[in-house]
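One chain, chain A, links the two complexes that follow: it is found with chain B in the first and with chain C in the second.
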Partner chain A sequence: MPPKAAKGEYIETVHPTPAKQFQAPAPSPEGPNDTGNKISRRSQIHGTQHIILGGKTVIQAEAVIRGDLYRLPSTAASTDPSNPPPQSNAPSVAITVGRYSYISKSAILRPPSRLHRGVHSFYPLKIGDHVFVGESAVIEAASLGNHVHVGAGATVGSMAIIKDFAVVLDGAVVPPGMVVPSWCVVGGRPARIVGEVGEGYGVEGAEGGMARERYRVVGRP
Partner chain B sequence: MATLKPPPAQHRSSSSSHTPTGPPKAPLKADPSATIADTAVFQGTYPVTIGAGTVIHPRARFYAYEGPISVGDGCIISEKAIIGAAPGTSASTRPSPSSSTGPSPTSSSTDVTLSTPQIQGSGQETITRISYFVTIGPHSTVLPGANIHSSATIESLVTINRYADVGAHSKICSGCQIPANGSVPEWTVVWGSGIGQRRKRARTAREPAPAVVVAAQVAQIPVPPPAPEGKIIENARLMVLQKEREVLGRMIVPAGASKKK
Partner chain C sequence: MSRPFPYTYISCPCADTPVLDPARKRRSRESPQKPPPERDTEANEGQDDAKQPANKDDEEDEEDEEQTFDPRSPRSNFSLYPPEQLLYCEDCHQIKCPRCITEEIVSWYCPNCLFETPSSMVRSDGGRCGRNCFNCPVCTAPLAVSTIENVTGNGNGQGPWVLSCGYCLWTTLDIGIKFDKPTNIRSQLQKMTDSTTGPAFDARSRQGSRAFGDLKSPLSNFASVDEQANPSERDAEQSTSKEDQTPTPHLGAEARFAALKNFYRTQISETSNSPSDSLGSEFGFSSPGALNRLMSLYASSSRLSGLYGGTKKPKSKPPVMREALTATEGLRIASGDADSALVERIASPDCGWDGVASLIQRTEQSPDVRFVDELLPLPVLLRTKRAKRCKSCKHILVKPETKPQSTRFRIRLIALSYIPLPTLRPLAQPSATSVSGLAPTPDLNALTPLRPYHVLLTLKNHMFDPVRITLATPSVTPGIVATKVTVLCPQFEIGANSDVWDEALQNATAPLSDRITGMRGGEKVPEAGKVWEKGRNWTTVVLEVVPGTLPGSQAEDGQEGDSDIAATFQKDEDVLEIPVFVHMEWDAEAQLEQQNVGKASKPDDLVARELAYWMVLGVGRIQASL
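Showing the complex of A and B:
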């Protein structure tokens, strides 16, 4: 796949290039297709070495992704700054984004943090496949499942868990620690379950299942 | 790979020169123990003061065009938070300096709006004050003249309008707005949408809920003691914040540091 001659808004990652900063995840059953992420040149990504993109991910302009807030090894809890712990070979992952997920303009993804046994640490933020994150949404969740839709201006609080096929309406405020079950629609401030998505939601080509099409049209002139 | 890196930082404490075409860089007076990310933006003509132990996340923006900005000790300012206002945004809600106690000599309803730029031009400055141990969430906006008292929490996507006053230990939940000249008493939670609804934070020890009492009787275990007083919970929260700041101070790439990535 030859690189495009024209310098578009989006950088497309191509698989075998060593220039790619994003790590390749373990080979998935779908094959080594962790490529073709479309990342806006104006996105604001921090700590790229702690971010895994599953491929076909779209990241729009001004989206902030805080990969620098990764989980430190437990030895790093020592408060001695002159003696930093040795770097482990396995890099800790701050944010995982699945295939065909879409991060809109000005959205913020930041890993959640909490105090556990006297140690304040950040926990990985996992985002599944075919996930849509709306404009200016703030995601601090522990995990977003597959086919989750987060509306524009929504807030997902620290350590919340959104299961597969759930929909968070525009402007909803999902409180910290909330678990949204599968197939539920949540909305309001604070968010509560207001309904459920219909049969066939997320099926390819139907409502909630347009992720491939959404990916395809990004960056087209 | 270079293209995937964040764009060059607009703020560097080491480089004092800036391009003449760029926006003016606000004089920054930061305590050495503060952690300021390299991609935080400081613009404007008035000074910005940052207290000890404060953490400024990347992409936070400070616009000191209308007056100095003062941030106290131990604050956390999150990503894309905007403190101050960029030039060009209207200051129409500004109250007249002579207040509403008496008619000002030039008073007529049209004069007030017309005279606003003159007030600005005459060296009137609007101090934006953020006190100690304040947390400001991502995407929140604090407009000039706002005064946020100590230990307040501003969650994400909040707008604090001009000359608003947020009391100590209060919490503004996500998506709320505090109107111009509005005031939030201390120990208050503002929640909901728009200007939101308000309630007092619990400050006294609370007995366990009836359901808990019944459950304890069924399970034949002693009824749990009442929840601790609000003051104790608040102190615990502030201790957790302290831990968070320590961790963030180690993780955020500080301004002026050589890029090791």
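Showing the complex of A and C:
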């Protein structure tokens, strides 16, 4: 059980018992769910069986995570036989979040969707390790790499790909389908590449490497 | 400043070794700078006998000379960098900022498809992606290739295809362009826009091809080393665009551009009068000969002759180049009513404001483009991966892997591996009423004047040697708002970054205890001369900060506030930034070359090293009133 039992703001998943609501019922593709996630009781998480948290993930209050928007395997199979469906195994995963990633207050994670040959279908949203998603940001990307920083109020459009060590500035709107290369800083509406982060970005404890510290302070008095 | 409080910046010492100009000398009283490097040698000499007094002297010297770093000085803007942006040259033993490095291109890649473009192709592609990557000419968002055939069935990849913007919903249909295949869009587009005879897009295509010529030349300027005709291309190109503003139906832009280029080349070779005049040679306009020629043209006029080689008599007048005269030479004659036609179109109700391309949109397009429906999709500009070298010793500091997708480096000498990483954290207010051990941390965006705050400065060592640190700060911060700062423990040691496994273990345990003690601030009281906390490779010390009062605030009672000071109060003057001088010493293993190293070389192959730099701690913003 979590140390701060009943009244704590955060549900902390503990080893080895499956955490209450955030465990995929069937074993997830990545093996047993990792633990130490801190999930605010005031967050709204839908479709928990389609969400994989990598462990030590923080989900803050009022964050919305739409695991219920997973890809329907039947539709996928019937409508596009040419395209290999991304998940043929297990229950389809809608959202994957890596270790030490931090979903701030009021952020929204929503799997990307696309109208493909007249069929609207969802695709998985993959979030890497050490990712920071700022307050009330909306993420609809296909993937966020490791050490990605998404600023407060930013929007990442459908099927966008943010590579490792990229920074999305506060309030930026990354247009759908955009690819942000590694080490780049994007900002503006629509987002453009406005600069690059330094080579030391992501070093533990420095800018971009604060994920562990962020995780640590969550839920402490 | 751009970062949220608290932040730390490190000043690169390169800002202090420029050529002194007299103007700066005069100003140096009011905006003191970091002393030039002689103070380092001073410290080196002192090292022999006793370290502590030497350092003391150092600090005192500094204060006497009033040469503390001023974060508000206009020059400081150029030397302050966040720690992660700094590099370190192992040969110069110095911090290197983006201003004291040179860059060289390792590879070119398209930021959209992340494919590498071979450098031989970069110029021919105009520095832009040659595949299917386009940016929206209206809003710059990337364009997606999509079919307009509304097939719901199993129609397998049927065209026609368009480029569409997911942000502003612009599509190439707006300019009447469709593609037959979803691949190789750029060459398709180029063909479409180059064919001047095409009846469908007559006006458009002409400009389109021009647009591609325009896209190409300013970019290929940056392309690579092997540029020869390129500057001349550019010049010729500029003159074209100035010369003729209206389209002629005869030549496409590419062809006209080639014609003009040819024409000017022959002109140059015809008019170069001396063999030494290298204008006609392949070096073209950018050669020193060209400059010579221009200068001699001007020097013959009276005013400049005194300036440039006034002693020499001007030689015979060089023959004058003529300009292009016929359409085959690339001339395009503006038709007289072109402007009025433009105006008419702008004024017509079906164009309106929305139909006119904005200035920003036009900068990326051909100069003829005036209207939104003439905008062409822009191939995505390539980006580069760059290696970085020290400017003074040319040693390579950063070398990324060439593959665009890789985030790894072959060489990466970042400053953070050498200088301690500073982090700043406010300590829970000691005077706060203890609400069950939950002392409130002060709001850094509203610091109360004249109230002591304690700030924890943690320095984390990433080197494999223990480091001795001396911190020094002016007792009163520079600027209008005089904040008193005391480093409670200015001298301390930081342990070595000994083992990765240690670190892993440490990460689990140490910061926890750190946190506990930090939070129960009531139990632990900052003491002068004692470090606050110490870990394996980090040490935390306490800074006591008493924010000064802002001029014009209520607390202004004679001590600081002059009315004229209040008048000079500028933006962000209330930001509390503390300059801290960091002097670090450590014993490194001797390397082969140690000429730059401190003179006191110790036995058993240890060399005393030292490094000194300024850093700036952004603590917070001072409240206007008490």
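Of note:
One rule holds for everything that comes next: the second predicted complex is superposed on the first by the 184 of 221 C-alpha atoms of A that agree within 3 Å, B and C clash if a C-alpha of one lies under 4 Å from a C-alpha of the other, contacts with A are read in each partner's own complex, and residues count from 1 in each chain.
The criterion applied here is as follows: a residue touches a chain if its C-beta (ideal position, glycine included) is under 8 Å from a C-beta of that chain, and two chains touch if they have at least 3 such contacts.
No experiment lies behind these values; they were computed from the predicted model shown.
Once the complexes are laid over each other on chain A, chain B and chain C cannot both fit and instead clash. In the superposition on chain A, A:192 makes contact with chain C only, not with chain B. Once chain A of one complex is fitted onto chain A of the other, the partner contacts of A:153 are limited to chain B, with no touch recorded for chain C. By the touch criterion stated above, A:143 is placed in contact with neither chain B nor chain C. When both complexes are overlaid on chain A, the residue A:183 reaches chain C alone and has no touch with chain B. By the touch criterion defined above, A:201 lies against chain C but remains apart from chain B after alignment on the C-alpha atoms of chain A. Contact with neither chain B nor chain C is seen for A:35 once the two complexes are overlaid on the shared chain.
By the document's definition of touching, neither partner reaches A:60: not chain B, not chain C.
Contact with neither chain B nor chain C is seen for A:101 once the two complexes are overlaid on the shared chain. Across the options 152-160, 188-196, 278-286 or 440-448, chain C meets chain B in a clash only at 188-196, per the superposition defined above. Overlaid on A, the two complexes show chain B and chain C touching the same residues of chain A, namely 81, 119, 157, 173, 190. On the side of chain A, the complex with chain B involves touching residues 11, 19-22, 39, 41-42, 44-49, 64, 66, 68-70, 72, 76, 79, 81, 106, 108, 110, 113, 115, 119-122, 136, 138, 153, 155, 157, 171, 173, 189-190.
Remark: chain A residues 81-82, 117-119, 157-158, 163-165, 173, 175-184, 190, 192-193, 197-203, 205-208, 212-213, 216-217, 220-221 touch chain C in the complex.
Of all the residues in chain C, the ones that touch chain A in their complex are 81-87, 109, 111-114, 139-142, 144, 150-156, 165-168, 383, 388, 398, 404-405, 407, 409, 412, 414-416, 421, 423, 437-438, 460, 507, 511-512, 515, 519. Interface residues of chain B facing chain A in the complex, by the touch rule stated above, are 1, 3-7, 39, 57-59, 78-80, 137-139, 155-157, 173-175, 191-193, 240, 243-244, 246-248, 250-253, 261.
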